[in-house]
Each structure stands twice: as structure tokens, then as C-alpha cells.
Amino acid sequence: MKVEEIARLLEGKLKGDGKREITGIAGLENAGAKDVTFADSARALPRAARSAAGCVLVPEGSSLPGLTTIAVKHPKLALIRAAEALLPKTPHKPGIHPSAVIAPGARLANDVAVGAHAVIEDEVEVGQGSSIGAGVFLGRGVAIGSDSILHPGVSVYAGMRIGNRVVIHSGTVIGSDGFGYVFADGRHQKFPQLGQVIVEDDVEIGSNATIDRGALENTVIGQGTKIDNLVQIGHNVRVGRHCVIAAQTGVAGSSEIGNYVVMGGQVGVGNAVRIEDQAIIGAQAGIPTGKIVRRGLTMWGTPARPLAEFKKTYAELTNLPNLVKKVKALSGRKTATSKRR
Amino acid sequence: MKVEEIARLLEGKLKGDGKREITGIAGLENAGAKDVTFADSARALPRAARSAAGCVLVPEGSSLPGLTTIAVKHPKLALIRAAEALLPKTPHKPGIHPSAVIAPGARLANDVAVGAHAVIEDEVEVGQGSSIGAGVFLGRGVAIGSDSILHPGVSVYAGMRIGNRVVIHSGTVIGSDGFGYVFADGRHQKFPQLGQVIVEDDVEIGSNATIDRGALENTVIGQGTKIDNLVQIGHNVRVGRHCVIAAQTGVAGSSEIGNYVVMGGQVGVGNAVRIEDQAIIGAQAGIPTGKIVRRGLTMWGTPARPLAEFKKTYAELTNLPNLVKKVKALSGRKTATSKRR
Amino acid sequence: MKVEEIARLLEGKLKGDGKREITGIAGLENAGAKDVTFADSARALPRAARSAAGCVLVPEGSSLPGLTTIAVKHPKLALIRAAEALLPKTPHKPGIHPSAVIAPGARLANDVAVGAHAVIEDEVEVGQGSSIGAGVFLGRGVAIGSDSILHPGVSVYAGMRIGNRVVIHSGTVIGSDGFGYVFADGRHQKFPQLGQVIVEDDVEIGSNATIDRGALENTVIGQGTKIDNLVQIGHNVRVGRHCVIAAQTGVAGSSEIGNYVVMGGQVGVGNAVRIEDQAIIGAQAGIPTGKIVRRGLTMWGTPARPLAEFKKTYAELTNLPNLVKKVKALSGRKTATSKRR
């Protein structure tokens, strides 16, 4: 693809050599003459100026002397578009590996791909264009939509439902029992875990994550939500649409997460929490059981508080040694004053 | 089952229509005319009043006008009992899938179930009524008791021991090497990891958890203990009986956890810690290396302190801005006073 | 092996019966007459005095009356040496299990071991003496060096590179997509994840860990580094040589970790952090995005600060109730004084 063609595709402003052939995308440091790369902000421009890239996507209004650039509104987003145009999509290869074990009652669309040693139990349904990786386990009655990809080693318990265009990375477990017990007669007695996990369309889930089935209701991951590696979602949790949940975060049972919520890594959310739309929870924050986080708030710390409040207390915490000194001085003077009387 | 039969089974007090047929259990919101559900406490009664359930288990002394109720001492526990009576148990289906690879020297009781693509090495023993899921790996010499369930994709390293009525969810790894190195000659040299993991009877372990083998001693998970998803138990750790350890908690090497200990999610326990019986560790708390947590204490924070202490300090921390103001005012007045003199 | 032979091997000072036969190693508590054990420091000597071990490795200058001891500079390291001499190495058993699925284009050295139900795709290379466990998945073009061990159930995505003498424990996923999205048009759009994971020589990685592929660059785990269970390493992260990263720690995208860095358990490292050589990060600490941790510093807390500073603030935090009392007293007296005037 010529640079000028990419500029046209991205509706950007080209400076430099539009006739250059571009064949791939790369980072600022490792890009070569046939790669397009990007400088996300003005701050990255000096670093970009040293790039050997054939073409650099830059923010509107900027250019790089001596380099071929395309100025666009959102360079990082533009690179996604360029990659879609330049890079061949991983081809979907329909076909069932002979070592896969597929129950006779499973209903697979005619172009499904099933990897070696996958196990697909009875009454499973898999839609058009979906790909079931090597060693994946789909329990009885699992339903998978169209164009979904389950990477090698994913386990889906019986009866769980996964939508269209869902991607699940290796080792992730969907539908294990929720962690619910009632302590009686000196032991923990298991509460029934009968609900489903429902993963809606366009969700992506990282590797070695765990999403528990509901107890008496369902666990739901809303449309377009992205979940990172090693995340734990407890039973009955309802995650809304287009959320982002970073690695190693855990959400305890029966909590409700709104739409467009962003959670950093290693966040802990207690039971029966409600996090409203567009809230942002900082990394490692802890939201105590039963708490409500209001729409659009940014929270940090354990127990989590609104960011501004957290920062204020934190600044004063850091300043505590000075406060202690001040009080000591006051006490000293006070005592001196008292004595004088 | 008729409502009056359920009432008799639960030794509860029936109000309403005892002749109704009940076939299942469900949550307050999704229960229908043939379901029994429960209201755990007085607080849940208003919500329960709107339920379409055929029968609601309510706390002793309460009822719901217009609904059929059974009043019992502990409605949640009663629901467990009702579920046991109403719901068919997942049937144990003995039989070995032809794709499973089982070493000739393995000794499996005659009614064991082994799923597709499971791998069972030499000298493994599996007791009566146990079920080994698809793709499970049992290393040489592993011993599994009776009526245990290993869900698909569990890995058990050579020589580890698992008791009776144990449930292990998908992706969990039992017996990987402990994390022990000695730094010498500019590199980390591996300390021998030779011990076992011993999982006692009636333990349940969630999905994608990791329990390391002991170094020179054993790692032990005591009888009746319940461990949630993504929990890490280090080498030589001894967890007592009937503990509850919530998701993403990690216990470092050689720590000792007593009986009936409760740990929230994302708790971190350092090396060589001792947590005595019936202690409660709040979510995200951190117990520093070598610390002793006394019997029955509730701890919170990092480094963890007794809850009352933590709360007091936390309240004062939150009040720090006021304290700063007060000191400023005192300093100001003080200065003013001084000047006046 | 006779005790005197072990003493010679360890260049230690023998006291007691040098003719005893030793066949194994064990812990202080469970060692018997044919075992060698160790007391790492003077503090462990009283406990060692009660050991039934045939021989105890003790620190230089110490001995145990009535027991056979070898005094050495570093008893724990000496035990590693003794174990190497005493214990048979797990034999490498070359051979490919007939149930393994190996693409015709894969190039395996002649003495490689491949377990049951492993899946090895096209263009994979595996070096001399390496062992691929049961159920392991190696995607197209993966390269594994010599004498490496992949325990059962490891997944390696297409194109990832693993060095020599690397050990990876069960359930670990190497090369899943990094967590990178651009929010535009009301949804999270996936940024290309095209880089590799490069695991250098002598690395050990625990069970159920996740190491993401780079986005446009590579993710690198440096030579000799040891990574514990359930650790998450994000895209483009570069971990240096001979680091130690304890369980459940997470490192977000594009961070750089120097050489000889030590990280406790459950540490959280934000994006684009730089941790310089020999820094130590305490358990559960949180390093905010963009932060630089200077060479050799020890950090603790969230947000992490140098240990001395953290301890000081923490001590004053603990002392806050007293400070509050003092200020109250001062205010009281102040008011009293004011009134008197």
C-alpha cells in the first residue's frame, strides 16, 4: 500500500513521499522503511523524529522534518485502521481435527474450526465461523455464537452461553461454581450453584481468568466489555456494556457494575457493591461490601474514596511529620507560657 | 414435592397453600409458581413480598401476606436442604473414555469416571465413585480418594495426595514447585522442592488456583476447608480444618493457618506467619512475614491490625484535614497571643 | 554417601560420626537417621538440637552436642549442593507419546520428550533434551531451546520464543494478547498485538502465570529470572536478568524492570514504570504509572515510597490518636486561657 493511499484511507494530511510502499506496522523504535508507526501525542514527537519508519502517523497540526508523516486526529486509532488495511487477517480455517472428541448430539455450524484434542459434549451449539482451540473443553449444552474464538485450553462448564465475536484467551474458566457456603453444624455447607454465565457479544477475556456461574441467578458480562488476565468475577455479578477490567482484579458475588466502567489492575470489589456507569476505579483500590460508587466518580485507595479526597488525605498523611513537629512546638510553648504564669 | 412435604422436611411453620407442587429452587427475582425461594433476613422481606415464587422460606416469626411461606430458623440453610430433596444429583457416570491415556500400573476403582483426553500416569490410585474430568493430568503416584471430582483441565503433579469427597475446579494446579531459591554466585539457585501436597477430605478448591508442593515438608489443606478461584498456597503452608479462603488470596511459604479461619479476597500472608483458630482476615489485608494473629481476632489493612484499631486510625486519618486546620488555628492564635504580649 | 564425603564435598568442618551413611535430605522435623538437614542460622539451632537427622549442616563456628554436624559458611546453599550429590535427577525420558499431535513441519531434536495429548503445530522447533509435558500446546512457529521443561498444560501462542534450561509450570500461558484498546465511537477498539514473548535462558515460571505478547515490540523475561505462580506480565514489559517476582504480582504494559530486582507477592506495577537494578519492592506495594524507582531502593506501600519514609509515616499514623488528644488538650487550654482574659 502506498503512503498516499493510507493517507486517503485515514483522511489525514500527508507530508513527504506519498509514493513509498508500506507493508507493515511497527513501534517507533523497531519500525523500518516499509513500516508505518505512530506518535500518539506531542510528547512522543522528539522520539518519533529519530524513527527509521517509512511513515509516521502524527497528531493534527504536527509534522517531522525529513520524515514522511500523515497528520490525523487520533494517531493511535488511525494505526488500528492502517493495520486493518495492511495486515492479513488470521485466516479462519474451518475443519475438525480428527483427535477432537465431539459428542454426536453437538450441533456445529458447517465452517467451525475445532483444534486437536478439544472435547465438545452433547447438545453443545457452535455458530458460523467460530474457532474452538486445541484442548478446549465445552461442557454439555454450552452455546457459542458466531465468529467467536476460544484459544487453546479454555474450559466452559455445562450450560454456559457465549455470544458472537467473543474472544477468550487460553486457560480461562467460564462457569465454575460460585463460592457460596453456609456455616452450620461445624462445617461449611455448599449453597446450590445453579445459574449460568452469559457472555454477551464482542467481549474479550484474557488468559487464566475465572468467571463463576451464578448461584440462583446468572453471572453476566455485558456487550463489548474487555476483561484482562487473571481476573475473577464472582457468582451473580452483572458487568455492564463496554467496561474495561484490568488484570488480577476481583469482583465478589452479587455486585453490579454499570456501563463504561473502567477498573485498574488488582482492584478488589466486595459483595453486593454497585458501581454506576462511567465510574473509574484506580489500581489496587478496594470497594467495601455493600458500597455504592456513583456515576462517573473516580475512586482510589482501600477503602476507596473519591480521588480528590484521597489525594488530600494522602498529602496530609505525607505531611504528618511536620504536623507532629508543629504540635510539639505548640505544646512546648504552651507549657512555657503556663509556667510563666 | 408438595409445599407441606417441604415444610415437614424443614421442620418449619407453613402458612398458605400446602398442596402446591414445587419442582425447583430459584432466586427471589426469577422464581416462578413451581419454585421455592428464600428471604434470608427481615430486610429481604419487602423484596420477597413481590416474588412470584410458589413458596418462600422466611425467618421464624415472619410471613408474607398473600404468599405461601414456610418459617424456619435459618432460611438459607433450609434452602440447601430443600435443594437436596428437590433437585436430582448430577449422576455419577462410571466409565473410561477411550481417548484417555491410562498407564497400565494405575489402579482405578471399578466405578471411576475418566473423561476424554485425561492422562493418568503409573502407580496412580483413584478411589470408588471419583470422577476425573476431561483433560485432567494425574502424575505418577498421585492418590485420589473416593467420591472426589476433578473438573476438566486440573493438573496434579506426581506424588500428591487428595482425599475423599474433594472437589477441584478447572485449571487448578496441585503440586507445582515451591518458590525457593538461594542467591549465590550471582544467580538464584533452586532449593529442592521435594514435599507433597496433601488435600484432606471434604475440601473444595476453585478454578485456576495453585497449591505448591512442600520443599522438605508437606503442604497441607485441612479437612473441610474451602478455597476460592485464583488462590495461591505456597510451599510448606499448613491450612487447618474448615477454613474459608476467598479469591485471589495468597499465602507465602511456611505459614500456618489454624482451624475455622476466614480470609477475604486478595489477602496477602507473608512467610512464616501464624494465624490462630477462628481469626478473620479482611479483604486485601496484608499480614507481614513472621506475624502471629491471635485466636479469634479480626484483622484489616496492610500491615494488618485488629479491626477496632484500624477503624479508629482510619477515622482519624479521614479527619486529618480538620486536625490540620485546628493546629493552624492554634498556631495562628498562639502567634497572635505572643505578639500581643 | 558417608557424612565425611559430604563434609569434603561441602568443604565444611565435620563434628561427630563421619562414617554414617546418608541417603536423602529432609527438614529439621521430619529428618531421620539417614537424612541430612540444615539449620540456616543461630536462631534455628535449638530446634535443630532436637532433630533426629543423621547429619545437620550448621553455620560456621557452631555445632550441636550429641549430633553429627558439618559447619559450613551457608548451610542452605550447602544443602542444595548435598541434594545435587545425593538425589537422583529426574531422568529425561526421550520419546513422543503416540497420542501427541505433531505437525509434519515441526522440528524436534532427536531426544525430545513429548507427553500424551500434547499439540505441536507447524514450524515449531524444540531443542535437545527438552521435555514437553502432557497436554501442552505449542502454536505455529514457537521456538524452545535445549534442556527446557514445560510441565503439563502449558500453552504457548504462535511465534513465541523460549530459551535453554527454562522451566515453565502447569497452566501457564505465554503469549496471549496484550490488553490494549482505544476507546472510540462508543466502544473499545483493539490495538494490534503483534509482538513476541522472549523468555531467555535459565528462567523459571510458576503455575497459572500469564505473560502477554508485546503490542508492536516484544515482551522480554531476562536470563535467570524467577517468576512465581499467578504472576501477570503485560505487553512490552522488559524484565531484566536474575530478578525474583513473587506470586500474584502484576506488571502493567511497557514497564521496565532492571536486573537483580526483587518483588514481593501481590505487588502492582503501573504502566510505563521504570524499576532500576537491585531495587526491592515489598509485598502488596503499588508503583503508580510512569514512576521511576531508583537503583537499590526498597519501596513499600501504595503508592509506594522508600521504606524508611513509609515506616516513619506509618509510625506517626499509628500514633495519630495521641496527636489528636494532644491537639484537643491544647485547644481546651487555649480556650480556657482565652476565656480567662
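All chains are identified by letter, namely A, B and C, in their written order; residue positions are counted from 1 within each chain.
Following the convention adopted for this analysis, contacts are C-beta pairs under 8 Å (C-beta built on N, C-alpha and C of every residue); 3 or more make two chains touch, one makes a residue touch a chain.
What you see is a predicted model; the values in this text were computed from it and never measured.
Chemist: For the two copies chain A and chain B, what is the rotation angle that overlays their Cα atoms, in steps of 5 degrees?
Modeler: So the copies are related by a turn of 120 degrees.
Chemist: Is the contact between chain B and chain C built from the same residue numbers on each copy (over half shared) or from different ones (under half shared)?
Modeler: Comparing the two copies, chain B and chain C contact each other through largely different residue numbers, since under half are shared.
Chemist: Counting in whole Å, what is the centre-to-centre distance of chain B and chain C, each centre being its mean C-alpha position?
Modeler: 25
Chemist: What positions in chain A touch 2 or more of the other chains?
Modeler: 99, 117, 135, 153, 171, 208, 230, 248, 266, 302, 317, 320, 323, 327, 330, 334
Chemist: Inside the complex, what are the residues of chain B that reach chain A?
Modeler: Residues 25-27, 29-30, 37, 74, 76-77, 79-80, 83, 87, 97, 99, 115-117, 133-135, 151-153, 167, 169-171, 202, 204, 206-208, 224, 226, 228-230, 242, 244, 246-248, 265-266, 283-284, 301, 314, 317-318, 320-321, 323-324, 327, 330-331, 334, 338.
Chemist: Of all residues in chain B, which touch chain C in the complex?
Modeler: 99, 101, 117, 119, 135, 137, 139, 153, 155, 157, 171, 173, 176-177, 179, 181-182, 184, 186-192, 194, 208-210, 212, 215-217, 230, 232, 234, 248, 250, 252, 266, 268, 270, 286, 288, 302-303, 312-313, 316-317, 319-320, 323, 326-327, 330, 333-334, 337
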